[in-house]
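One chain, chain A, links the two complexes that follow: it is found with chain B in the first and with chain C in the second.
On to the complex of A and B.
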C-alpha cells in the first residue's frame, strides 16, 4: 500500500511538472450543441408534412439545406446518412442563391444566410437559430436549461402549406398561432 | 458442500430474527462523492445521436464550454445508461424493476417489496453490500448493513431523466462503498417538468398512482410537487397458500431549481411511509419504514471550472417485529472541477455524520452499543490528462476516514484510447473497499455471537473495455473484469470454547467475467437491443475454524444472464415492446426465462394508455436463494393510463 501510494503520487507529480504545451494540445471537446441541432433537422423531416407538389416524384428526397455559414462541420451530412422520412431519402445541400434555395424542404439559416431565404410563402420549413439571429422562422432553436429546444410558429407553417406532427408540437417550448 | 454452507448460514441468521433486515453487511458510510454525477454526464458522439428519438434529443445536455461534462462515450468505465424513454417503454412500476434493464446488474426479486441487486457478483438479500446507489446525489445504502433496502427507496419514475449504471469500482470520485458498482439515479430539473401529470395503473398484483404538478418560479426558476402511492398484493408462496407480503406506501416530494446569473441552485426533498406485512417471525406484525430527506445543491463557475456544494439531511426509520432502527444522516460535499492545460482536475472533500440507533426486544439479537454516531470523511482528487493521439490517462485517489476502520487509501488509474474511427478502448486498475457496517461491528447474540473488530473488505479490480459504432445504426460495448478480493466477511469460532462466534475478515476470492450490450436500429421505428453478462467465482468454501459459514458472503449469483429487447413503433401512436431475459441457476434455485410485453397507445398528445404483461412464461417461479424471505412470482397483467396537461 505504501508503495502504491508513493508511486501514484510520484506519477502525478511528474505529470504535473511537465509544462502543458510540451505535450499535445488540450482536447477540444466540441460542444454537442450543433450535433444535436443537426440531428433535429434530420428528425424534423419525419414530423412535418409537405404538400405533394413540393416533390417531383415519390422517390424524390427531402432536401435539407444550410444557407450562410454551416456550423455543423459535416455533422448534418453524417446525421442524414442512411436516414429516410416517409420512405424518402434525405439530401443535404448548401444553396448559394435564393433561387437554388427555393428547392429546399428544410432550410437552416446560418450566419449571414438571411439574404438567401426565398421570398413568399413557399412550402419550406424555415429553421432559425437564436445563436445566429433573433429573427424567427417556423422553428426557432434556443438553448433552454442546457438543452437544445425550439419554438414553433404554427401560423407561418400553415401559411406555407406545412402541417406539423403533434409530437413535434409537444416538444416545443412554445407554439404560436395555429 | 453446498448444503453445509447453506445450513451454516441459515443457522447463524435464523438465530437472529430480530435483525432480520440487518444480517449482512452493513455499512458504513458512504462516501461522499455524490457529486460525482456532475462529472460523468451522458454525452453522445455524433453517430450516437442519430439513434435518439426526437424526445431524447430534447434531453441531451449541451453544457457550455465552462462546464463540459465528461462525455459518457469517453468514460473509461463500464457504464450502461437507462434513458427516460427506456423507463417509460419498459412498463416497469418500481425502481428495482427498472434496474432490470441494465445488463450489468443482476436483479433478484425476493418478495413483494424486497429485492437483491448487485453488479459483478455477491448478490443476495444479505450479501449484496458492495453497491453505491445515489438518488440525485443522496446515498441510499443502509448504514446498518451496507445494502440497499429497496422497500424504502423509490422515485416518481415519470420524472427520472436517466439512470447511469456503472459496474466495477466507481473510481476516486465515488468512494468506498462503490466497490462493485454505482447506480446513479438522476431526476429531471423542475424546468423540465412543468404542467400536470397523472398516471394511474392497476393489475392483478399491484396498483399505482403518480401525480405531479410543476410551474415556474419567477423568470429563471421552476418547481414541482409530486405524490406517489402504491399497493401490492401478496406474491405467490412457493410452498404454502400464504405469502404474507402485501404492501402499501405513500411518498411525496418537492423540487425547485433556479439559476441566478451564473449560480444554479437546487432544493429538493421527499417524505415517505411504507408498510409491508412480511412477518418473518410469523407474528403477523407489519413492518413500517418511514423517512424523509432534504437536499440542497449550489454550483457556479469558478476559475476555469465549476464549484459545487451539496448538503443533505436524511432521516430513516424501520420498525419491525422486535426491533426499531432509526438513523439521521447529515452530509456535506464540496467539489471543484477545473481545466488546466491538458489536465482536467477535480478536487473535493466530503463529511458525513450518521446518528444510528437500534432498539431490540429483549432476548434476541441486539447491537452493542445500541446507539452509535458514525462519521465518514474523505478527500479526493482526480486528474484526467490528455496525452494526445486520442489517449487519455485518468489518475485518481481518495483518502477516507471512517469511525470503524480508520484510514483507507483508494487509488485508481484508467487509460482510454479513442481511435480515429470513433471507437474506444479502455483499461483500468483500481483498488476499492467496503468499510465495516454496524452489524459487522456491533451485532451481538449473547453467548452466541459477539461483535469484533471487523475491518474493511478490499478488492483490486482489473478492467478492459471496448465500444464502437461499427454501423450508423449499431453500437455495442464489451467489458471484461478480473477482481481479486481480500478480507471478505467470514464467521469464526472462539478457540477451544467454540462459542461465541465472531465476524472476521478471513475470506478471499477471485471473480471474472464479461459484460456486453449493444443495440441495432432495424428502422427508424424499430430498435433491437441485447445484453449479457457472465460471472465466474473462485473461492474456498471449506468449513474451517476461521470460517464456519463456508464464505456465504460471496453471494448466490447466476453464472450468466441474457437480456433481449425490441422497441417497435407499430404506428405513430402504437408502440410494442418485448423483453426477454434468461438467467442461469443459483446454488439451489433453477434458472429461468421470462418475458415482459408492453403495448402502448398514444390516444392524443396528452393521453396515453398501456397494457403490460409481466413474467409471462412461468406461473410460479423463485428468483432468490434466500430461504426465509424468498417468495414466488408469476404471470401478471397491468394496465395504466397517463394524462398530462
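On to the complex of A and C.
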C-alpha cells in the first residue's frame, strides 16, 4: 500500500464524514471525485471476469486504458500500482489509436476519447462518465447524492464476453438487460 | 486420614472405585463434548464470518455503507452473535451491529484470519478479499453456547451418571448390609462355638461328678454289702464255732451227729453266700446241665415250703410236656429261692406263691423258650422300684436284712443262660417275675440229684492213690489232708510250685497233682499244672481255687477245677473223675 493511495482514501473518508455543503472549493472536490473514480477503475478489475483469450498468458496484466483527456492526473497509476486481480498485475496505458486501444481490458473514455473506442464486440469493459458525455458504456459513472455511483449495461457486457460479479451489480444504480 | 475413615466406614472400595471411574468418564465425556462443541461453534462462526466477508466485498470496494450495513444487520438473526463489524482497508469502521452492552471500536489493529475463545466469547476475524485485492476485514463476536443450552446438552449424560451413581451407592449399601449380616453371623457362630466348648466343659465336669457319684454309690453299696455279708457270716460263724465247742464237750454220738450236721449246714450256707456273690459278679463258671423243669421244681417244693411261712400257700402249675432247658442247677435253685424269699417278704400277712411254666414257641427265627412265672399276691411295688430291682445292691430291706444281691443273681443267672427276665408289678396287686430260658434238644444228663449238699454217708467209698498236694495255707492243707486221708488217699504236701517241681523231680511216682491256683512265688498253680503236663503227661492235675478269675483261666486251659470251698463229697468226686480221665 502506498502513501499516496492511503492519502486518497483519507480524503474519501473525509468526503464521507463531512457534510456536502461544507466541502471545499469545486477544484478540490473534483480532484477527490476523480481519485475515487480511479480507485473504482482499479476495483472493477476484481469484480469483472474476462475471457481467457483476451490475455496472452497467465501472467499478462489487466490493462486499464484511458482514452481522450486523462482527468486522473496520475491518480490512476497510483491506484493501480502494486494491485492485482486474479493474480494478474494491473497496467495503465494511454493508447493513441483505436487499434492500440483494442488490447485494453478496461477502457475509460475521457473528454474527446469517443473516436478511439475500438469497434465491434470486444472483451473490453468500456467505462463512460456522465461528466464527459451522455453516451453509456458497460459502466457509466454518475454523481448521485454527492457520491460517485454507476449504471451497468449487462447486455453489452454479455455481448462483449464479460461476466460481472453480482456484488458489483448489487451496487449499481441501475442494471440494463439484467 | 480420609482413606482411613473410608476404610473404617466400611464403604466398599469397589463401589468407591466405580464412582470414581464414573466421575472420570463423565468428566472426560463432558470435556470431549465441550471441545467438539467449541470446534463446531468456531467452525460455524468462521463460516458465518466468511459469508459476511464475501457478501460485503462489493460494498467495501465501492464505498457503499448502506449495503454493508444491510449485510451486517443480516447477521443478527443468529442469537449467538453479540457484535459484528466491517472495517475498510484502512481499518476504519464501515458498518456495525451490536447487542446491548457490547461496543465496537472505530478503528482496529490489522489482523489476519483469527478465531479466538476468550472470556466465554468467541472472536472471529476474517479479511475481505476480492480477486486478490484486500478490501478490509470482518469482525464477529459471539458468545459461547449459552449455559442453559449447554446444560440441556449434558442433562442426559448427567441423568445417566446420576442413575449409575445411585445404583453403585445402592449396591454398596446392600453390600455393606450383607457384610454386617455376615459379621453378625460370624459373631453368632463364635458365640455358638464358645457356648459349645462351655457345654462340653460342663459335660466333662458332669461326667466327673457322675463318676464321683458312682464311686460314692459304689462305696455305699459296698458298705451295705459288707454289712449284709458280715451279718450273715457272723451268724454262720456263730453256729460253726458254738457247734465245734459243743462237739468237744460231748461224747454222745447222736448229739455229735446233730452238731456236726449243724456245722456243715452253716458252712454250706456260707458257701452258698459266696457263690451268690460270685454269680452276681458273673465270674463263676456256670455248670450247664440239661434239666427237666417239671421234675426239678417238683423236687424243690419241699425246700420252697420250708423257706416260706405257714401262711404262704405254694401252688405249682407245671404241664407234663414242658421242654427241657440247659442251665446251672444250683443257680436255678438259688434264683427260685431268692424269688420265693422276696415273695415271702412281700406278703407279710400271708398269701399265695404260684410257680407256673409254659412252652413259648419262637417266632421270626427266635429260638423256642420255656417261661417260668413266679407270682405272688403281695404288696407289689411302685414302678420306680420295679425298674431298679435287678440292680446289684439295690434293696428295700433294712441294713442287715438283705444284701441286695438276690434279684441281681436272678438277672445274672438268666442272662448268662441266654434267657430273659422281666418283672410286672402293681402296688397292692402283687408281683410277677417271668424267666424265659432257651429250649434245648439235648438228652437229660446224669442222675437227677435234687440237692447237691446232702451227700450222705452210705455213698462213702474207699479210694487209693498217692497225691502231691500243693497248698500254701497250712490250715487248709491240714483240713484237706484229713479229708484225703479219710477218702483213702495218701499224699505229700508242699507249700509252692517250685517245691512241687523239685519233689516231682526227685520222686515222680504220684498218681495226681492236686494244686491250689493262687500261691506265693514266681509260679502259680496254673503254670505249675502246665509244667507238669509238659514234663509228665501221664500225671493228671486237679486245680482248686476260691478266686473266680483264676477259675476261668483254669477251665480255659482245659484243666479240671474244684472251686473252693468244697466238701469231702465233691472232693471225692473231683478226684475220682480226674483219675479216670485219660491223660491229656
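Convention: the second predicted complex is superposed on the first by the 147 of 178 C-alpha atoms of A that agree within 3 Å, B and C clash if a C-alpha of one lies under 4 Å from a C-alpha of the other, contacts with A are read in each partner's own complex, and residues count from 1 in each chain.
Basically, contacts are C-beta pairs under 8 Å (C-beta built on N, C-alpha and C of every residue); 3 or more make two chains touch, one makes a residue touch a chain.
If you're wondering where the values come from, they're calculated on a predicted model, not measured in any experiment.
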Discussion item. If we overlay the two complexes on their shared chain A, which of chain B and chain C does A:32 touch? Say first, second, both or neither.
Written reply: first
Worksheet item: Thinking of the overlay built on chain A, is A:98 touched by chain B (first), by chain C (second), by both, or by neither?
Response: neither
Worksheet item: Once the shared chain is lined up, is A:45 touching chain B (first), chain C (second), both, or neither of them?
Response: second
Item to complete: Please work out whether A:121 is in contact with chain B alone, chain C alone, both, or neither, and reply first, second, both or neither.
Response: neither
Practice prompt. Could you look at A:147 and tell me whether it touches chain B, chain C, both or neither (first, second, both, neither)?
Written response: both
Practice prompt. Of the two partners chain B and chain C, indicate the one touching more residues belonging to chain A.
Written response: B
Item to complete: Figure out whether A:86 sits in contact with chain B (first) or chain C (second), or with both, or with neither.
Response: second
Discussion item. Applying the document's definition of touch, where does A:168 land relative to chain B and chain C: first, second, both, or neither?
Written reply: both
Practice prompt. Report, in rising order, the residues of chain A that make contact with chain B in one complex and with chain C in the other.
Written response: 1, 12, 16, 36, 40, 42-43, 46-47, 83-84, 147, 165, 167-168, 170-171
Worksheet, complete the sentence: Per the touch rule, the chain A residues reaching chain C in their complex are 1, 6, 9-10, 12-13, 16, 36, 40, 42-43, 45-47, 83-87, 147, 165, 167-168, 170-171
Worksheet item: Which chain C residues qualify as touching chain A in the complex?
Response: 55, 57-59, 61-65, 67, 88-90, 92, 130-133
Fill in: Residues of chain B defined as touching chain A within the complex
43-44, 46-47, 49-50, 52-55, 57-65, 68, 71, 189, 191-192, 339-343, 383, 385-389, 392-393, 395, 397, 409, 411, 413, 431, 472-473, 524, 572, 604-605
Discussion item. Touching residues of chain A toward chain B in the complex: what are they?
Written reply: 1, 4-5, 8, 11-12, 15-16, 19-21, 23-27, 29, 31-33, 35-36, 38-40, 42-43, 46-47, 75, 78-79, 81-84, 143-149, 165-171
